[in-house]
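Take a look at the structures below.
After this come two complexes, each holding subunit A, first together with subunit B and then together with subunit C.
And now, the complex of A and B:
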């Protein structure tokens, strides 16, 4: 039991769209704030499903997801592989999508929004590129723009789906640095992660899942050989 | 006068189709219009059987309903049946088209359903099919009275929901995460596509409708850096194709719809080869320069 978890999940089961098969099964978790939380597990373990359920894109079959503070808002950073990067749009326009939720359908963008977008683009080192078309950017730069879009949402909870895949080491370091600062300011930061080499370096806390939760604990306690074996090499029913 | 009317009708159809086409092309749904333009046939026949008239209004209503039903079914097969997008389009439209053919041969042998007319349309006939009031006042071609309001609805929809459509089209998962009702917008878009397809169908035929939905947006995408530029450019391309295509068809005494498609295709080829950023020749030059410098 955590002292003050920001998300409490109880007996959560979520299926894929064809409904017969469960992607995650009876998952119970408490996720701390102010820490960098990594979600680890093999392909098909239900990592993306779990965070899609938290953000509300997928409806649970059963179980509860409780965001402890009702006023908390969530920013979600999808996998960048699903995006058509030849889309005719500028870096600035992508970042400004972060204002949509507060603006609604009919709200118009003003100078303050643009100033904010520039500020957050500067934070990820992309302000010099703000009028560029996104197809001109490298994979790492594209990911930074997505981070700026999430920052512009000014949320309390950040959910990132594999933000480091196809991203250079320099950008990885920059993103981790930003996320660490957010965490130390009390935000909840949850990252679906693939690369086991960097787990100790990046995360304070890890959740290891393979359809069910293997462990959820501080990295030093949880990320040990026994749990890695259980998560990656044992068949789970 | 009839020249100007013909070009006006072709351009209005071109504008409507290419605005909606930008979103379809970017969402990789371009062939949905092909499906709709075929799948509406049973709708047209049923409307004819129920109303016992060939009035444009009933035709569009019947066809529009079937068009919308087609896009709904295609989506449903993908979501619930786990059928690939192209396969589900193929299943639905061939089935409906075949049902339409059977209905035609069974019940409507007395009306002539000209195959060529379905494929290539009849712009000349449409300009002559005018709306006459009982006192003899001529209100112009009936099609105009459908096309103009439809275009206004499309423009209003796209202008009001521009940012929403931009977000959904670019990053649908992000759109869902910030609470945009993406299914609702999907069906609004496909409803507009259905009604545009069937309204245009009679005037310009199946091939030109599909071409207008796909070619001008695809051409514009090669040049545009922003979505709004892509929409405006595709409008311009569709008007240029209508104008040039029509006059060329007069000179060569050939099908105007066919010629408009040919011109649109040639414009695409021109831009594809010569575009300053993404063009084939410039890409070759760039990659050559890159090889030299490395």
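And now, the complex of A and C:
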């Protein structure tokens, strides 16, 4: 048991959309707060499914997801492939979506919202681009705009689905820097991650899954050869 | 040509319904559901015929209720087949469109053979007859314009958000089903009041082409709508003018011809078009 978990998951099973086959099976784990947490596993291991279930986009077949502090709010940053980058929308408009939760159905956007959006865009170094269309941005810039949208929601938990795919190392470092600051300010940051080379450098804690949980522990303890073998090279039934 | 009162009524009616089609058409375009509007337009025919058969009068409210039922049925049928099969969207749209339209034609033929006293004008629904627009029709079309404008002012940002990132909306607790239902209802409403003038077969064109024109000039939704409105109003003027200059020349098809002209122009010269024949340099 952790002293200060922010999310506790018990016996969670979730199936793929429109299919009966389970994407994750009887997953139980605790995710610590104030840490940068990496979720690792091969393709089809259920990484995205797990965080989509935590966000509430996918309904679990069984099991419990307990966000320990009831007042905690979650911001989710989707996989780049799920976004149409030719959609006619500007950087500012994407960031402003971060206010929609508090605005509800009929709230109007005002100058304060725009000021806030500009502030958070500046925090990720994107304020100079605020009137550009999103199709003009590079992969890393697009990712930073979505982080700004998440920051505007002022959440306690950040969930990012493969934010580094197609992003160069320099931009990765910039994004990790932003996320590390969030973690040190008490936020929980959970990232679905692909590249094993950077695990030691980026994460305080790793969850390794392949349909089931292989390990969930501090990076130094968990990210060892034995667990990598179990996660990536053993078939799970 | 504007010296005649009836012509003015027709012109106002056609312009207002082009405005309606352009506004709601833009949000369907953003959701990549342009073709769905065409399916819905064809699918409301059996609904309209059924409510005529039941009430034996052409009261807008009853016609709308009938149109709403079969229009929504077509949308849900598409969703159902999509979930139940691996068929591509184009195939499913084709099947559903022909089924509902075929059913509508069967009912329409039945009505025409029965010789109801009130039936005259129902056949206008197929190809449309702008000249048949009365002041009472204009009032109904204008009410829909008002409903559309108010809804867009209130919910426009959510209509954009559902098209851009619907998972985000559900995650922050906004019902995407409700938003989708509102968009579908507005689409069916727009089509129902518009088909008398431009016809089932072509009304979708006035929903599909203007946003495409707008998109070739801008990436901002508000400007896409404004430019689309400009094109559709211009084309309405052309359509009404030609059909009055050459009697028996139908209005709807001429509006569409005008729109296609605007579209080709935009494809060649639009600032967002990849062709951009003459690039205007920023000075």
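Assume the second predicted complex is superposed on the first by the 235 of 237 C-alpha atoms of A that agree within 3 Å, B and C clash if a C-alpha of one lies under 4 Å from a C-alpha of the other, contacts with A are read in each partner's own complex, and residues count from 1 in each chain.
Note that a contact is a pair of C-beta atoms (placed from the backbone, for glycine too) under 8 Å apart; a residue touches a chain by one contact, two chains touch by 3 or more.
Keep in mind that this is a model prediction, so the values were computed, not measured.
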Fit or clash - subunit C, subunit B, common subunit A = clash
Between subunit B (first) and subunit C (second), which does A:233 come into contact with in this model arrangement: first, second, both, or neither?
-> neither
Check the residue A:88 against both partner chains and state whether it touches subunit B (first), subunit C (second), both, or neither.
-> both
Where subunit A meets both subunit C and subunit B, residue numbers = 18, 55-57, 74, 76, 78, 82-84, 87-90, 93-94, 97, 100-101, 105-106, 133, 153
Over in the complex, which subunit A residues touch subunit C? Could you list them?
-> 18, 55-57, 74, 76, 78, 82-84, 87-90, 93-94, 97, 100-101, 104-106, 109, 133, 135, 153
Which part of subunit B faces subunit A closely enough to touch in the complex?
-> 26, 28, 79-80, 82, 160-161, 163-164, 166-167, 169-171, 173-174, 176-180, 221, 224-227, 229-230
Complex interface listing, subunit A residues touching subunit B = 17-18, 55-57, 74-76, 78, 82-84, 86-90, 93-94, 97, 100-101, 103, 105-106, 133, 149, 153
Please name which positions on subunit C make contact with subunit A in the complex.
-> 30, 83, 154-155, 157-158, 160-161, 163-165, 167-174, 215, 218-221, 224
